[in-house]
Amino acid sequence: MKEEDKLSPWKNKLHEIIYEADTPMGKLFDLILFFIIIFSVILIMLESVKSIDAEYHYVLLTLEWIVTIFFTIEYIARIVCIKKPKNYIFSFYGIIDFLSTIPLYLSYIFVGSQVFLAVRALRLLRVFRILKLVQFLGEASHLKSALKASRAKIIVFLFSVLIASVILGTLMYWVEGDEAGFTSIPTSIYWTIVTLTTVGYGDIAPITPQGQFIATVIMLLGYGIIAVPTGIVTAEFGRQNKDKSNDGEPGRYVHVNTQSCPTCSKEGHRDDATHCYNCGALLNE
Amino acid sequence: MKEEDKLSPWKNKLHEIIYEADTPMGKLFDLILFFIIIFSVILIMLESVKSIDAEYHYVLLTLEWIVTIFFTIEYIARIVCIKKPKNYIFSFYGIIDFLSTIPLYLSYIFVGSQVFLAVRALRLLRVFRILKLVQFLGEASHLKSALKASRAKIIVFLFSVLIASVILGTLMYWVEGDEAGFTSIPTSIYWTIVTLTTVGYGDIAPITPQGQFIATVIMLLGYGIIAVPTGIVTAEFGRQNKDKSNDGEPGRYVHVNTQSCPTCSKEGHRDDATHCYNCGALLNE
Amino acid sequence: MKEEDKLSPWKNKLHEIIYEADTPMGKLFDLILFFIIIFSVILIMLESVKSIDAEYHYVLLTLEWIVTIFFTIEYIARIVCIKKPKNYIFSFYGIIDFLSTIPLYLSYIFVGSQVFLAVRALRLLRVFRILKLVQFLGEASHLKSALKASRAKIIVFLFSVLIASVILGTLMYWVEGDEAGFTSIPTSIYWTIVTLTTVGYGDIAPITPQGQFIATVIMLLGYGIIAVPTGIVTAEFGRQNKDKSNDGEPGRYVHVNTQSCPTCSKEGHRDDATHCYNCGALLNE
Amino acid sequence: MKEEDKLSPWKNKLHEIIYEADTPMGKLFDLILFFIIIFSVILIMLESVKSIDAEYHYVLLTLEWIVTIFFTIEYIARIVCIKKPKNYIFSFYGIIDFLSTIPLYLSYIFVGSQVFLAVRALRLLRVFRILKLVQFLGEASHLKSALKASRAKIIVFLFSVLIASVILGTLMYWVEGDEAGFTSIPTSIYWTIVTLTTVGYGDIAPITPQGQFIATVIMLLGYGIIAVPTGIVTAEFGRQNKDKSNDGEPGRYVHVNTQSCPTCSKEGHRDDATHCYNCGALLNE
């Protein structure tokens, strides 16, 4: 039984390289993978620019095939070198890996499936796995925890904004009508959110005085309530900073200097200390 | 007398289901009502989309009638099962219920009253009653109290913004004139608020160098003063967080000094205390 | 000498009514003045709307003359009932009063001086004097002190934004050129500020890929640095709140309840107090 | 050797004037330089305005030559009066000085190098050197340190925004297509950032209902996450303010408990202290 559980040595080696980032080889693999992912995303972007695609179609296609084959090999390697392949295949990143590799093959099998080529952009999500490994995202976890702590408030806020948008949007539809571009209630709601979030495309804009008046109210509303999510998150950050600065332990704090005890070498004495807090010996002035 | 005051058992039961959310039946009723409200609001939206209305007019109308009849029955039931119907009818939600149910009937009685169909969107407000019942809005009350506490400051802020907008708008009307779209002072004020709130539709935009210069000043002003509402609300949230950390117990707080009672040694007396709060002995001056 | 200094009784009375707001007459005068100012500003706005002016030109003109005469009388009254008229005439509000009253007269004396009619909008500034009298602006002073305290930081911030705008604007002029609307460096700078402040009219927008890339950088920059004024003002508000909450006196605080001493009626006892801090008598449980 | 190191007296004098701002002459020089820089930047701007350039071409060119010659002399003087010219020439400001002086000469030597005239706008950066000298930027360093302290969080935030923009931009390209202006993935990403940062030009705007729905989500996202940089920077400012209130004395702080020395009754010992910092006696465990 135990024999079966163990991977053969070369699989073990491969697992270390692909899934971990502690060995030089593992780090190198992650670095290469990182750049290939970025490169492949740039490829997808360039393909979508008509003028570039027209001129370099075959170059881009060849490079895309090379990248796809590399990702295919990587995908197979990931399955081979793990003890329980199902754990990988049905994990979040396993599905992302599969979805971002398969479209090119599908575009040859099924005519008209070219549209799925855009799915390849999901490759970018793979970058997060690499960044996770190399502990780049220490700060992100801090951000995440602040957002998580204020999640309930943010949901209530967004919900209120949505309800206000529906009611104000309906009002604007009723006030402005087709001429100004408020052709239906959903469109009006879309416009209301465009205005409330201060995006303001201008593709639709009120033309009647009443419409402009309501728009003014919506803008001032949006300008004012942007304070709410900001206030929520800021207060949360402030709270976290405070927690961190006193290790969660409330109480008084005094300033300590860098002087070290001449007897026991202990550092961190109060500025007005005359004796070492550790051994009781006299400190130098 | 007392007999009259009491509702018959089935009315009591109905009251429990409709007005409360503590029984399984009451919860189920609220849940169904919630989805019917959302469904009816989506109906109103779809009706307003010309292409959809053209094709599915009769389907939408039939569904609207079903929803309206359901709301009518609900409205009558609410009146029947309450001891003092007036309390409900003239309450905020009673009026909303009435206004959002009646338009469809009116559109058949009075020709040309179709415009009032938009009033049905007020149904959305009914969602709040349900959410209130199920205690979803705990967080909202937190938001609300923060906004209420900083209300005076926000009103003064908005008032200052409005006065600045009127003066700057008049200035822009004088500087830019008709060509650039500044056709009247109200329109110029509208544009000023569009700019100050960083919405920036672009339907009206300055074209003369002087106009663009003033616009630049307005933008920088708007970019800077957005800090004010944010600062107000954030400081309020921060204060609330701090209050909460004071054991979550709201109330008054007084400063206590480190003096200790000469009789019982209890510490933590008010600065103006002359007697110990614990044993009643005289405190030293 | 002293006789000269003293105003005759009716002038004293007038001074009390016009300059103060402590007597019922003084309050009434301020209230009437407030509404006349608002009314006259609305008049100026309506005049500027072509369609309204065409139809009601003489009504508006007549009303404007009534308002102007009222303001003229008020201006003279203000000069008459003050001991040192110069103090008033050359004060900020004295100049505002003069400038906002004279244009209508000038428009008859000098042909072509109609353009100065817009100056009448300055009347709105007079509203502040009234609000000041009635102590409405308590909150405003709080806002003002917060803004004043962070003034130096805000100026440095705006200065940096301006320098960045000039350099980025020149870059965009060089990159985009005339076609996209970047016709001169000042126009490009205008566009940069429109973008940096997230206003985004869209009257000018980059069309080349490089231009769009730089625009993206400017937007992200603007999106990020909006945090700076907000951070400054918020920190300032937070500091003020904190100062206020402990009267500048650091130390411990305990919760006090609303119980009042049965002996001496003193309120504000600690929750765990058994004796009155004032007289030492036993408190009720 | 020492003789060589020393500059001749007049060079010393010149060095004092040009590089320092402690003497009246040095201050005057900086002031003059400041205004010439501002003046020359305004010249560059005016040159770029076609209508002004057409009329005043020779005036502007003459003034530009005067300014350039002044800067050339200044540049040479800076090299002459310094002990190690290389230190200046290859310093940041040395390169800026060179780049912002040379273009006018180059435009005569190489035909077609007029495009480099825009490089002269770099002169504006020179303003910072002057401001540095006169200690104007005390506040700026405060801003800078707050931004530096929150740099890591801001980079993670921007990185996340970029990845989200690439994925959402690809999605919009797939959903909207060419008609609405989403002609390629890079353009779509550009639009996504325009929307996410609430700039919203409106040069590209979604027209399909699905596209407008996704746009709505992006806007609300952008409206919400603007809270993140604001929260980061505000918390940082708040922390700095607090640190400053700790007597403006930077350093380490340790938690002290309320234990008092059994020998000398001094309070405020470190939690891990075994001896009194005042008298050196053993503390109780």
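Every chain is named by a letter (A, B, C and D) in the order it is written, and numbering of its residues begins at 1.
Here, a residue touches a chain if its C-beta (ideal position, glycine included) is under 8 Å from a C-beta of that chain, and two chains touch if they have at least 3 such contacts.
Just so we're clear, the structure is a prediction, and the values are computed from it rather than from any experiment.
Engineer: Give the chains in contact with both subunit B and subunit C, ordered by label.
Structural biologist: A, D
Engineer: Using the stated contact rule, I'd like to know whether A-D or C-D comes out ahead in C-beta pair count.
Structural biologist: By the number of C-beta pairs in contact, the winner is A-D.
Engineer: Rounded to a whole Å, what is the gap between the Cα centroids of subunit C and subunit D?
Structural biologist: 31
Engineer: So how far apart, in whole Å, are subunit A and subunit C when each is placed at the average of its C-alpha atoms?
Structural biologist: Averaging C-alpha atoms per chain gives centres 41 Å apart.
Engineer: Roughly how many whole angstrom separate the Cα centroids of subunit A and subunit D?
Structural biologist: Measuring from centre to centre gives 26 Å for this pair.
Engineer: Quick one: which residues in subunit B touch 2 or more of the other chains?
Structural biologist: 186, 189, 198-202, 222, 226, 230-232, 234, 238
Engineer: Could you list, by residue number, the parts of subunit A that touch subunit C in their complex?
Structural biologist: Against subunit C, subunit A makes touches at 198-202, 230, 234, 238.
Engineer: If you look only at subunit D, which of its residues touch subunit C in the complex?
Structural biologist: For this pair, the touching residues of subunit D are 41, 44-45, 48-50, 115, 118, 121-122, 124-125, 127-128, 137, 139-140, 142-143, 146-147, 154, 158, 161, 186-187, 189-190, 193-194, 196-203, 226, 229-234, 236-238, 240-241.
Engineer: Sort out for me which residues of subunit D touch subunit A in the complex.
Structural biologist: Residue list for subunit D touching subunit A: 152-153, 155-157, 160, 163, 166-167, 170-171, 173-174, 183-186, 189, 195, 198-202, 205, 209, 212-213, 215-216, 219-220, 222-224, 226-228, 230-232, 234-235, 238-239, 246-247, 249, 251-258, 268-270, 272-282.
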